[in-house]
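Below: a set of structures, written as structure tokens.
Note that subunit A is present in both complexes that follow, paired respectively with subunit B and with subunit C.
Here is the complex of A and B:
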């Protein structure tokens, strides 16, 4: 369950509630951030200029320096990380400070010195902080985007007031120059169709406050748009999780936005359509207005754009996006043979081969050693072999889209889906009875029969094939786990008001007409927002 | 090096500037020199009194500041009344606020008072005291 405030919990189950939704859509060139390198005029000792392309748009904190009247003693400022320390987000900080009026380089009167015939040597003698501070971004190939977004320092609400953005093509010809004056935004968005650029130079001439370093947290090649209120026509989030990993699916996001300005029309030369790319990041949020009038949002995951279309008749545009599990289903893992390797090792190998760097693997998999093989297959399928052998599940987390492999907790939350929040009493069906598990390792078929199977009862079996389960001990463990899950035969379907803080895999109590009120593991959630939130939750629970 | 009047009424609306760290370092050094007039000079290290607005204070610098004050304190037996325990385990991203700023300078004020009291109470060679014993 996503952590939320008590006010959120009160509001989401209140008889009268006002729900909200928003979508943050990164309309960026998807390859530019990995192709970009930066050179800068100066850099502070703890600055990390390479971080301005890592798509993290917030520093690790308000970082304390001795710039004049900057380090406020209200407890909000943190000591900066040491230069050699990693794991902190700092972005680029110039070494040079601006003058009292915020200007970098305003002391220079070039023309008056030209007559001395030593213009260049004069500049060489100037202290560094008398020059404008710039970041030059170079690419190895052409990129196109609908603009450029520069995030200065939102945490301290500081920004460059005057700066230029110069964009060059592969022949170093200037294709666009933007001079900005009077900026007061910590996130500046240049909306301009930029095609086939190879170099971008951001030159900061004036900072919003005197005696400051220039600093940039992130540069995005494109624009980051937020759709909310009337702009967001509807939003649908589908989450699924199979507790025994028999199927590994990707979650799906569908949303429709207002397109009256025809920005998403194919033929609009000034529109966004040409800059839409598969795998652009989309992050949906759902929230509720609390008693204090503020809306608290819950992030519903990180998704990657898959399909889009302009609906000419309704002047809307529709989008479909899926989470990282869909990306893992696109390409093949080459396969490998393992001798006495932990499942943790194998999972890490597959994820690394797939180019996934942001993941978390349950340490329980470090103690499960296997000897087996995985044939060439999709990354997602190969990971499915690992998680089944590890009695675990795999999914993409809500917060940052990280791939999570974990054994599910069997602890129920103190959450109840009660009759006050359902549209109809839950529909409850009984799942198929299973009393025998067959596990095919490729060379051996292990059979596990439920010890509680009555004598003479018909064999009702489930078969799985997994070439990592090659010994009877592990086969027994996996079969017991599967059978235990199959014994939770009560299948629930609940149409209700929904709580966005609940996640698939959570165990909640569900009120029913007979007072049984069983605990149910959520296996599927479909959130529907169209001005208000509703949806459907599926789950498995109960005993044999 | 003269004693620089400390600021002990830091508030959450105040800003910490390079002059403030210089003052703490200066007064730490002053007290070490002062103690050296009547005792062994405390082994403070890395005194820096030229902090500038271009400098960046890292956790190690804060640990050094507080450790030096601790060294001064260890010259004496017992804490001065009102002593605030020092923090010498700063790490990156720790938050430094007005409470911390007050601690540094309040403790230095207390140490100065204690050092002056000790100095004033010292028996110097040739001084003649009477009236407390039973015999001359």
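Here is the complex of A and C:
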């Protein structure tokens, strides 16, 4: 369950509530951040200029430096990390400081109309050794985007006031130049169709506050659009998780936005359509208005754009996006043979081969050693072999889309889906009875029969094939796990108001008409927002 | 008194503001009503007793777009509020036609908040 405030909990189950939704859509060139390298005019010792392309748009905290009137002793600042320290988001900080008026050098022009007398005082006051601070971004191939977004320093609300953005093609010809003056935004968005660029130079001539280093947290090649309120027509989030990993699915996001300006129309030469790319990042949020009038949002995951179309008749545009598990289903893992390797090692190998760097693997998989093989197959299928052998599940987390491999907790939350929040009593069906598990390792078939199977009861079996389960001990462990899950035969379907803080895999109590109020593991959630939130939750539980 | 896209329109003879709560109400499994509040919108009902051809043209031009910005006196807090509106059907009755110029009466339409 996503942590939320008590006010959120009160509001989400209030008899009268106002829910909200928004979608943050990164309309960026998807390869540009991995292809970009930066060179800078100067860099402080703690600066990490490579981080300006890592798609993290906020520093780890306010960094305490000795710039004039900057470091407030209110406990909100922390010392900058040492160069060798990792795990801190810093971005680029220039070594040079601007003058008292925020200017970085470039004082040549005013000299022409200064009298000799003032000329002397001019030199006394201004740091002539410091020049405009610039970041030059080079690419190895052409990129196109609908603009450029520069995030300065939202943590301290500081920004460049005057700067230029020059965009060049592969022959170093200037294809666009933007001069910005009077900026007061920590996130500046240049909305301009930029096609086939190879180099971008951002030159900061004036900072918003005097005696400061220039700093940039992130440069995005494209724009980050937020759809909310009137612009967002509807939003649908589908989450699924099979507790025995018999199927590994990707979660899906569908949303529709207002397209009256025809920005998403295919033939609009000034529109966004040419810059839409598969795998652009989309992040949906759902929230509720709290008693204080503020809306608290819950992030509903990180999704990657899959399909899009403009709906001519209704002046809307619709989008479908799926999470990282769908990306893992696109390409093949070459396969490998393992001798006495932990499942943790194998999972890490597959994820690394798939290019996934953001993942978390349950340390329990470090103590499960296997000897077996995985044939050439999709990354997602190969990871399915690992998680079944490890009695675990795999999914993409809500917060940052990280791939999580973990053994599910069997602890129920103190959370009840009660009759106050459901439109009808839950529909409950009984799942198929299973009393025998067959595990095919490729060379051996291990059979596990439920010890509680009554004598003479018909064999009702489930078979799985897994070439990593090659010894009877592991086969028994996996079979016991599968059978235990199959014994939770009560299948729930609940049509209710929904709570966005609940996640698939959570165990909650579900009120029923007979006072049984069983605990149920959520296996599927479909959130539907169309001005208000509703949806459907499916779960499995109840015991034998 | 009322501006549409920044242009002051003739002062209406009647002006009525409707405050409309949009919500979805449904009974829960206990039989109690639960309400999903969506939004609160304004509906401005206006009419003009008499308008010259030129005033009427200004008025109808102002509401000819699909959506437009309206600045209007709001009864809830007594201030001028601004919102995006669209227009319902417009109607105008003729008084007479003299020297090639029409004069108009009983002009009315509603503006509904987007």
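Keep this in mind: the second predicted complex is superposed on the first by the 520 of 544 C-alpha atoms of A that agree within 3 Å, B and C clash if a C-alpha of one lies under 4 Å from a C-alpha of the other, contacts with A are read in each partner's own complex, and residues count from 1 in each chain.
One rule holds in what follows: a contact is a pair of C-beta atoms (placed from the backbone, for glycine too) under 8 Å apart; a residue touches a chain by one contact, two chains touch by 3 or more.
This one's a predicted model, so the numbers in the text were calculated from it and none came from an experiment.
When the two structures are aligned on the shared chain, A:363 is found in touch with neither subunit B nor subunit C. In the superposed pair of complexes, A:334 makes contact with neither subunit B nor subunit C.
Once the two complexes are overlaid on the shared chain, A:260 sits against subunit C while remaining clear of subunit B. Residue contacts after overlaying the shared chain place A:399 against neither subunit B nor subunit C.
Comparing subunit B with subunit C, the partner in contact with more residues of subunit A is B. Subunit A has no residue lying at the interface with subunit B in one structure and with subunit C in the other.
Contact residues on subunit C toward subunit A in their complex (touch as defined above): 22-24, 26-30, 32-39, 66-67, 84, 114. By the touch rule above, subunit A contacts subunit B in their complex via residues 44-46, 60-61, 64-82, 85, 88, 95, 97, 211. The part of subunit A that touches subunit C in the complex is made up of residues 15-19, 230, 260, 419-425, 497, 531-534. Within the complex, the subunit B residues that touch subunit A are 10-18, 21, 51-60, 62, 90-98, 101.
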